[in-house]
Amino acid sequence: MTLSVALHHALPGLTLDVAFDAPAGVTSLFGRSGAGKTSVVNAVAGLLRPDRARIVLEGEVLADTGRGIWLPAHKRRIGYVFQEGRLFPHLDVRRNLVYGLRVTGRAVDDKAFARVVEMLGIGALLARRPGALSGGEKQRVAIGRALLAAPRMLLLDEPLAALDEGRKAEILPYLERIRDEAGVPMLHVSHAAAEVARLATTVVVLEAGRVLRAGPTAAVLSDPALTPTGPRAVGALLIARVVAHHDDGLSELDAGGVRLFLPRVASAPGAELRVRIAAHDVILSLGPPEGLSALNSLPGTVAEIHIGDGPGAIVAVETAAGRVLSRVTRRSVARLGLAPGIACHAILKTVSIAAEDVGVQAGPVRAG
Amino acid sequence: MTLSVALHHALPGLTLDVAFDAPAGVTSLFGRSGAGKTSVVNAVAGLLRPDRARIVLEGEVLADTGRGIWLPAHKRRIGYVFQEGRLFPHLDVRRNLVYGLRVTGRAVDDKAFARVVEMLGIGALLARRPGALSGGEKQRVAIGRALLAAPRMLLLDEPLAALDEGRKAEILPYLERIRDEAGVPMLHVSHAAAEVARLATTVVVLEAGRVLRAGPTAAVLSDPALTPTGPRAVGALLIARVVAHHDDGLSELDAGGVRLFLPRVASAPGAELRVRIAAHDVILSLGPPEGLSALNSLPGTVAEIHIGDGPGAIVAVETAAGRVLSRVTRRSVARLGLAPGIACHAILKTVSIAAEDVGVQAGPVRAG
Amino acid sequence: MGWLGPEEWQAVALSLRVALTATIFSLPPGILVALVLARGRFPGHALLNGLVHLPLILPPVVTGYLLLLTFGTKGPLGSLLAEIGIVFAFRWTGAALAAAIMAFPLMVRAIRLSIEAVDPKLEEAAATLGASRIRVFVTVTLPLILPGVIAGAVLAFAKAMGEFGATITFVSNIPGQTQTLPSAIYAFLQVPGGESAALRLVAVSIAIAMLALIASEWFARRAGRRGGGA
Amino acid sequence: MGWLGPEEWQAVALSLRVALTATIFSLPPGILVALVLARGRFPGHALLNGLVHLPLILPPVVTGYLLLLTFGTKGPLGSLLAEIGIVFAFRWTGAALAAAIMAFPLMVRAIRLSIEAVDPKLEEAAATLGASRIRVFVTVTLPLILPGVIAGAVLAFAKAMGEFGATITFVSNIPGQTQTLPSAIYAFLQVPGGESAALRLVAVSIAIAMLALIASEWFARRAGRRGGGA
Amino acid sequence: DDVLVFAAASLKNAIEEIVGTFNGETGHNVTVSLAGSSALARQIQSGAPADLFISANVGWMDTLEEDGLIAPGTRADLLANALVLIAADPQAEPVELSPGVDLAGLLGGGHLAMALVDAVPAGIYGKAALEGLGIWQAVAPQVAQSDNVRAALALVATGEAPYGIVYATDAVAEPGVQVVGTFPADSHPPIIYPAAILAGHEGAAAEAFLAYLSGATARASFEAQGFVVLGEE
């Protein structure tokens, strides 16, 4: 277990009572505004001292209030991208970026520096002070500052909320690489399901200071009963291998023997990817689809139907590629006569799978 | 013309050279991080004094550097929700909220206060100082503070970026009501297409300090050539009238004679709504769909096909409900033999239309 | 009570009156000058700044002498003010004036530092909510600089309680009228055997100042209880 | 040059040396005490705060006496220090000590105010980047409080240039060794007709202080050129 | 009637005692403002409401007289004082203060505490006395000057300076110092405290108090403090 957190803390507005384990990879804290996400992250960073806490990172006890252990923040070597920037106003962007290295007496690796700067698109800002940056620029510098300190764990508190989709799409692969290549575990806060689905190995859903659900990403996000931030968070994760890249800009993948066509992905043939399929993007068809613009069709069998409170229902379809979720209306369930055991096709538009939905696979994603 | 802006300003990183007109309703500034959105908004608020500027609000000249006119911020009566909160740290939430009224000697309307507080879900926070709020809570209070000052125009700089979908869905209708009922014009900055599509009457796309495109929302957002923040921003806006609400949680709408089923909307039968149909959510079918879970099918004729740089193409389909856009792969265009004049069906899942995609109609949305 | 004579109690009372008056009356101009120095950019900036610091730089006797020349009954300002009934020369008001002027640089610096630490973005936010400049100042700037104002006031009060050189030079040392605690202490120290009496007064002086300090810390803590930035 | 005698030039040079030494040597303890007062919560807080303010509250003569009793060659601390070769009595170092102590409350207040204005969130951010407490202080806190440190230093310097009462009482007035500008000015003012000579020295004093002020403003402006908050 | 007396600070003990008895006997209300003679003189120049001035220094009274600020015919030399050499060491031998005395040798590298030799009366007189004895040049480098004579006394009392020159009146009540010699009266100008009523402030009460200062009660008080009262007995 990479990180193990158990804490109890009373705040004026909320009592936090949280325990979860974060295995290697990315653990996303998911929950509504005010649920206690930042507070948990602060405790892990050593900035909030809870009434009671036991926090263990890779075997090292960071905090154990019972035994009076409290490792100060600067000894934890945990990088933190704050929700509100917190850049040093007296240092220019360059000095902000290398602060973590300088202050710990480490040399700046020019290549790593250049890579981070390029990825974040902040090359033109290096000589400026934070006061002269736009909101998104500040946030990008803050990400770079945490990354460049080469921490043994990263805390990311809504790191991409201030960024546009294009910029997000540029930064996400970089975070994946840090997760996979450098093996830096991350604790990540977000309210964007796509971001969570793409990055997270484990999802911890917080509600009003408590853990509502915790587990592997695929299991948690495909749980239709669980919609803390709205129904659009529900989706399935499929594991697929890149087969080929085609001239018309599509990549062909193989998911358990089923062909999937996606807008060109960056990974080379042979690479294993995780593809998030949002439940609301999947259409079910009783027969094989014909004359449809959607290129992806996964034959399967209805495994489970979950009728919610609203007009919708989540239909889980077992396919060769894995379990796919589809959010349909109750009316459609009735109209098509869907029930467990019924054969059907899960139809998915190629373009529904946005760049942010496709991530590099990080170890096994166990389903439920 | 409600607001007319023309300004030129040289910043170290960027030269702003922007001119646009904002008619009644909501004008969204749309563009990547660092494009100059906040700078433009600051100039309108009176906080940034551009090298050259002419800004006219409802006939009143707020700024005209040529004639030496520069109305100070406090005389403009323009409410501003800042990108970074800027709550008063020495005042509790309640005093922050009523600040605008107090300071201009106006009485606090208890009903309006209660409504705003409830809508923003900040009732439990009223006695707290901003330092004891979470990131999203701060932003909600900032929205409330600007609203309660009863300004004659509202500036919203990424007001919802820090909020989860559930909370967004609660706040958006309120902003619509302010737009429509109170008739308060808004200048709104966002990088979320759905938010823009829902709120905006007019969209101004900024890129590197210049106006890339400006015009009615439907026209700008349905322009496939225009993807400043990523392809997922492309979509069509349909005007539809609520026909009935059904027991299974669906609402039935009529869009130019075509039936549309949507997850239950709040508006009463007879109300006119604007429905955003994202291009990537629309599947095209040559024949009428059968055995599909999607409830909405709009017959029409291909009007235009726009092949982009990537694997995708945008197909515009003229239907009785209006022009619908579909983002498909080039491969599908070829496979289905799509070309202008070909008859086809635009298929849309009911649940693809999220709550945030459905807005109350504000005056005519002229298409392109 | 018994260990201080009536004349000494008089000196204590007078010192308190002088120090309080000096502090209270110099607060508004102190805040104003601090504001001008912190925010203003004008040709005479350096001059004004220098002028404010003058009482710190000059030996107090010189300041007292200059006050005597200016505000004495024969001085240019003194005679002018006398016509409208304001007399400083050889009155407790003069002691207050001397104390205020000696304390002024301390007060202005403290307030100025606080003003410079205020985030102008908050003032901008107030302006967009309709607050005029003066309203912004009263409702945002002033509360935010309160710790600095309190610090400035307590420095001024302490300095006023201890001021001696300028005071005795300007308004002399007339018991009941201009004899403050420090002048009384000085007089005791000028003669044989005065030390123990001087010590008693020093103790009183310290006690008063300590109370003022503790009160100011308490106020500052209350004012500063913001629970972090916005 | 002609209008100041050699002894007067000596006094000018000495005053500069004394004021600079006092300022420089009191900066580290000044910052430390300010830090402790701003951030510390401990039982002796009020006492330490009072102690620091004492030189402001007491008439300078009393402070001079207390210095004499403590740091004189026969005093408890003085005799101890003398053993390791540090002597204050009748030395310019003593004048610097007196000036430093008189200026200490002003310096501490200015620095303390700045420390209280630092956003602890920035220090937290530095800690998460691996900076130890002391590194955080040097790389974040100190640069952010630089305007306050400069203000404190300039206040201390000005005060040290003007300090007279405590200095002359402690180290008396030995031309070339302990005769500072203010003692020279004082001496001129004691005799009839000494005003013009005193005025010349006052002018020198003001000129030096003005230069110091202007320099400090320049530094503070440079340090503060942050272009707004983070 | 009210009378405001400006008096040199060194007169504090005696004058307050005298004022107490005078007020009691006559029903007048005399108040004393005690400060340095120079400060008081300047205040008088600036129109201070003082009725009577007692200076520790002839020079300042001369200045006021030249300025026409004192009531003609009221100036009188009130008191005289003597100058003594004091030592910190209780076992110190008496010193014969005759011309050429080796004071520098006696100091042995230590300092001689005095008031400011060019500014403060006690210092001015002391320097004159040392010059009179022909030893100023020899001693000058070792002189430590204080802003007032009490501070010089304190330097000796704390043992900081082995020797000092102060008024006899200052040495009287200080247990920490030994008087080891008195400077011959002819080695320095007479140490005189002149008193005068200020111009425009002539009045019965002021005149009565000025007269009272030369009376027997006052004499006793002054002498108790070590002053020599001038004028006929």
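Labels for the chains are A, B, C, D and E, by order of writing; each one numbers its residues from 1.
Definition applied: a residue touches a chain if its C-beta (ideal position, glycine included) is under 8 Å from a C-beta of that chain, and two chains touch if they have at least 3 such contacts.
Here the structure is a predicted model, which means the values were calculated and not measured.
Steps from chain D to chain E, taking the shortest chain of touch contacts, total 1. In this assembly, the chain whose C-alpha centre lies farthest from chain D is B. Of all the chains, the one whose CA centre sits at the greatest distance from that of chain C is A. Annotation: 90 Å between the Cα-based centres of chain B and chain E.
Chain A and chain C have CA centres that are 60 Å apart. One inter-chain figure worth recording: chain B and chain C are separated by 56 Å, centre to centre, where each centre is the mean of the chain's CA atoms. Shown for chain A are the residues in touch with two or more other chains, namely 84, 132. In chain D, the residues touching two or more other chains are 61, 65, 121, 164-165, 186, 189, 228-229.
Shared interface positions of chain E, i.e. residues touching 2 or more other chains, are not present.
All chain pairs that touch, listed by label, are A-B, A-D, B-C, C-D, C-E, D-E.
Contact residues on chain C toward chain D in their complex (touch as defined above): 46, 49-50, 53-54, 56-62, 65, 105-106, 109-110, 112-114, 116-117, 119-121, 147-148, 151, 155, 158-159, 161-162, 164-165, 182, 185-186, 189, 198, 202, 205-206, 209-210, 213-214, 217, 224, 228-229. Within the complex formed with chain A, the residues of chain D that make contact are 121-122, 124-133, 135-136, 139-140, 143-144, 223, 226-230.
Residues 11-13, 31-34, 37-39, 83-84, 124-125, 128, 132, 134-137, 140, 157-158, 161-167, 169, 191, 228-233, 246, 248-250, 261, 263-264, 280-281, 283-287, 289-295, 310-312, 315, 326-332, 334, 336, 338, 347, 349-352, 354-355 of chain B are the ones that touch chain A when the two sit in their complex.
Per the touch definition, chain A reaches chain D in the complex via residues 45-47, 72-74, 76-80, 82, 84-91, 99-100, 102-104, 129-132, 138, 145-146, 149, 151, 155. Remark: chain E residues 4, 6, 9-13, 31-35, 39-40, 42-43, 46-50, 148, 150, 169-170, 172-174, 225 touch chain C in the complex.
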